[in-house]
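Next up: some structures, all given as structure tokens.
One chain, chain A, appears in both complexes that follow, with chain B as partner in the first and chain C in the second.
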Partner chain A sequence: MSRLNLALLLLIGCLAALPLFGGAYALRLGTVACMYAILALSWNVVGGFAGYPSFATAAFFGFGAYTVGVLLNDGVSLALSIPIAFVASFVLATLLGAVLLRLRGHYFAIASLSLVEVLRELTNNATDLTGGGMGLNIPLAAGSGIMADATFFFFAMWGLLLATALMVIAVSASKLGFGLNCIRQNETAANMVGLNATLYKSIAFGLSACFVAAAGGIYAAWVHYIDPSDVFDVLYSVKPIVMALMGGLGSPLGVVSGAFIYLGLEEVVWRNYIQIHSGVLGVLIVMLLLFLPHGVISLRPGMFWRKAKHV
Partner chain B sequence: MSESASEILRLDAVSRRFSGLQALRDVTFGINKGEVLGLIGPNGAGKTTLINTICGVTPANSGRILFLGQDITGIKTYQAARLGLSRTFQIVQPFAEFTALDNVAAAALFSQTGESLKSAREEARAHLAFVGLEAQAGQSAATLTLAMRKRLELAKALAMRPKLLFLDEVNAGLNSAEVERATSLIHRLAADGITIVMVEHLMKVVLNVCTRIVVLHNGMVIADGEPRDVIDNPAVVDAYLGQQYAKRNAARG
Partner chain C sequence: MLVAQVLINALVLGCLYACIAIGFSLVWGVLNVINLIHGSFIVLGSYLAWGLYQAPGISPWYVLLVAAPLFFVLGYLLQRLLLNRVIDAPVLVTLTLTFGLDLILNNAMIYFFKADYRKLTLSPPMGSVSLFDVVVPVDRLLATAFALALTGVLYLVLRRLRVGRAIVAVRLDRDAAVLMGVDVKSIYAIAFGLGAALAGCAGVLMALIFPISPLTSSTFLGKAFVVCVLGGLGSVSGALAGGLLLALVEGIGSASIGPSHATTLSFALLILFLIVRPQGLLGRKGFE
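Up next, the complex of A and B:
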């Protein structure tokens, strides 16, 4: 295992100590951070490894949230409904991927974005099942006190983040990861050397969906109430991409760092510029991408002082 | 059927149309095992389209393609590759960020069953050595010269253990020393018993290497036979070689 991947596991390991130090606020922030790190890491499989800019993250996030929400309302336990959402979204995404991934570049981006809208409208209209625009109330899972609940959901999200990181590391070292790398660089040549590109891309799309859906499920159980405009929010698609770009496309450690840095910035900016916080955050992101196009992971100690050049 | 036992590929009235343009018109011929077939013709004659059609990149609109007796007309590109049809591209198609070694390893890994990344890299090293690129194994493909990239293409094609190898203008853009080197590589491959179809504009190389020549013009086969007979064929002289070449050739005897 490479040093960067070890550093990633170490970073995630350190995060587990958060409940020892922080209160309810820190736990909430930690849970959100883990959630976005899952989303960004998952996006990295299809966007970073295979080079297909998917905007479908929100679709699978919402799909998972509603699957778990509906199942919990039917009396299925949380421990069972999360795996169901996980498997169902993998199957759904792999099948959709086999169709959508025939498109490339901008066309694929638009098609994947429309997937979010389609699922949102379906949820809005399936009033009997999902409550439609009224949203869905989700029964309290444990109900053993606020802090115990917060700690439980933090560790649920943290465990899922760990699983996602292990999946991404395993993929990057495997034949699948090697193949996705080939597809990103030259899909024509990849096909020509005997690589079944459609199959590989579909599996990548499935893998990028199932952990997101599980995160959506945990989120639904955590906040107890979901509605279509909340969980099918296109920001769930956009933010992971920004995080991945900020951290360093393709690098698991970079992507997770990017997620944490983004959320840190968001909190700090939000607190200090309550009126214009999105504007300030936007400027900061543009600056980061302009001056660090390959992400935070490309930072090297030597970058801060210039070497004298021959004249 | 006009299929003989030693025939590796048979094209039966293969046609391909790109909307208004008939790129291939009832192309019919066979290729025997061990042959080095030269596919020549003027620009736009359909040489590359023919290769693309056989490999499944642009499937045939009509007609039939048999490879070792198996119908491969509607086959997918990656399936063709696994059957043992491999090719080099006229415009080289490397995985630019990968090292030369990983480029070749990818070809070995995905075209053969039961390969692991490790075993594919080991094989790749041998193929790189064969084309004389072992010193560049660790270099990224984007930094290689054109001649090296052409040889990298060849190494990739060889890593797929081809039964039938298409070489699409491997010599285009190379200087004469590089052409000589590439030609000797082709000779060695032919000696190893690989059936080769080469698209080539350098008649010197074609006559030097090929055992048979097929001439395409406007998507049709206008000549097919022994190299010496084909270059004296008036239709070929008119369509492709030109009177000057014919005269020079006649003068040389």
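Up next, the complex of A and C:
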């Protein structure tokens, strides 16, 4: 295991100590931090390793949230409904991936984006099952206090983040990760030397969907109320990309740090400039792409104080 | 008679869809950039028409003459100063950059104009014409005529003008165009400016028909996407064909299975086309 991956696990391990220090606010922030890191890490599998610009994160987030929401309303326990969402989204994404991943570049980006729209519209229209535009209320877990509830959901999200990180590390060290790298660099050539590109890409798409769906499920159980425009928000697709770009595309440690930095910035902006927060996010994106295209992970101490050599 | 009404509505709406999509298609085809600010440009054009009609009372038809140069300059500068810097970067970078710019513009519009829905109502109203049982409002017909005229103007620019030929040359083969002495960066800026100008003009026309709000920008963008994919990229006739097809599918879909499923239907059609015929109805194969 490389040093960077060890540092990643250490970073996640440090996060687990959060309940010792903070109150309810810190727990909420920590839960969101874990959720963002899961989304960004998962996106990194298909966007960073395989180089496919996927905008489907929101689709699977919403899918997971609604699966768990509907199951909880039917009286299935949380411990059972999240694995169901996990498996269902993996199957769904792998099947969809086998079709959608034939497209490349912009076409794939648009197809994955419209997947979000289609699922949102379907959820909106299936009023009997999902409550449609009125949203879905999710029953509270009986008998636990506010702090116990907050701690429980923090550790649920944290555990999922740990699992996601282990999955990403395992993928990057395995034959699958190697194959995805080949696909990113030159898919035609990878196909030529006998790599089953469609299979690899579909599995990557499935892996990038199932943890997101589980996170969506925990989110739904955590906030107790979801509606289509909330969980199928395109911003859930875009934010992981910004985080990954912020931290450094393809590097798990970079991506997770990007997610944490992004959350910090978002929190500051939300607090101080609520009316213009999306504009500030836009400025941030533009500056980032123009001035730091390879992310925080590309920063080196020498970049700042080394003097130019005389030629 | 219902069938005739649905068909006429689709025809009128289709021309407007084509007008929405044509600037988007030009930018996508020539620059290979998916311009996510397009929807916000359209809404900004609508606000321009609304504002000029409220205060000095200028009729929207004349606002077109103001909107076109204004948006051209805006688009030209945006491309020159920002987008040209990352134009050679991977797909993801340009896409995310225009998304960021869209967030800024959209937030600015919500901040200054508020998210309330507004409506530009012409006084006196222009009424409607009816032939047998088919009824069409006059302002909608006029807007369609202007949309077709704009499409025609773009066609002529690309066909007849020197700069239009250069744009087509860059679209067909960028490297060969460079060898022929075309200044690609400046052509990019001009093409983006044209795209923005068309978006602004489309916005002025939309103001007559649809309610105006910053929140509608994503709807316009979605339509532009679908029209481009259905019709094929970068060609004027492709955008027209795509617009008409989309309007027809939506019209027939809402009439037969209900309006709430029309959006789902159009996006399902989009995914189907992407898989089966990614070059669109009139596009050529092998161009990405």
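Definition applied: the second predicted complex is superposed on the first by the 302 of 311 C-alpha atoms of A that agree within 3 Å, B and C clash if a C-alpha of one lies under 4 Å from a C-alpha of the other, contacts with A are read in each partner's own complex, and residues count from 1 in each chain.
Here is the rule we go by: a contact is a pair of C-beta atoms (placed from the backbone, for glycine too) under 8 Å apart; a residue touches a chain by one contact, two chains touch by 3 or more.
These numbers were taken from a predicted model, which means no experiment stands behind them.
Aligning the shared chain A places chain B and chain C next to each other free of steric conflict. For chain A, the partner that touches more of its residues is C, with chain B and chain C as the two candidates. Between the C-alpha centres of chain B and chain C, as viewed from that of chain A, the superposed structures give an angle of 80°, to the nearest 10. When both complexes are overlaid on chain A, the residue A:292 reaches neither chain B nor chain C. Touch criterion not met for A:4: it reaches neither chain B nor chain C. In the superposed model, A:118 makes contact with chain C only, not with chain B. Once chain A of one complex is fitted onto chain A of the other, the partner contacts of A:265 are absent, as it touches neither chain B nor chain C. Of the two partner chains placed by the overlay, only chain B lies in contact with A:197; chain C stays clear of it. Of the two partner chains placed around the shared chain by superposition, chain C is the only one that A:110 touches, whereas chain B remains out of contact.
In the superposed model, A:182 makes contact with chain B only, not with chain C. No C-alpha atom of chain B lies closer than 10 Å to one of chain C in the superposed arrangement.
On chain A, the positions that touch chain B within their shared complex are 175, 178-179, 181-182, 185-186, 188-197. Across the interface of their complex, chain A is touched by residues 55, 57, 76-78, 81-82, 86-87, 89, 93-98, 102, 106-107, 109-112, 116-117, 156, 159-160 of chain B. Residue ranges on chain A touching chain C, taken from their complex, read 47, 51, 53, 99-100, 102-107, 109-111, 113-115, 117-118, 121-122, 124-125, 234, 238, 241-242, 245, 275-279, 281-286, 289-290, 293.
Residues 28, 32, 34, 82, 85-86, 89-93, 95-97, 99-108, 111, 218, 222, 225, 229, 260-261, 263-264, 267-268, 270-271, 274-275, 278, 288 of chain C are the ones touching chain A in the complex.
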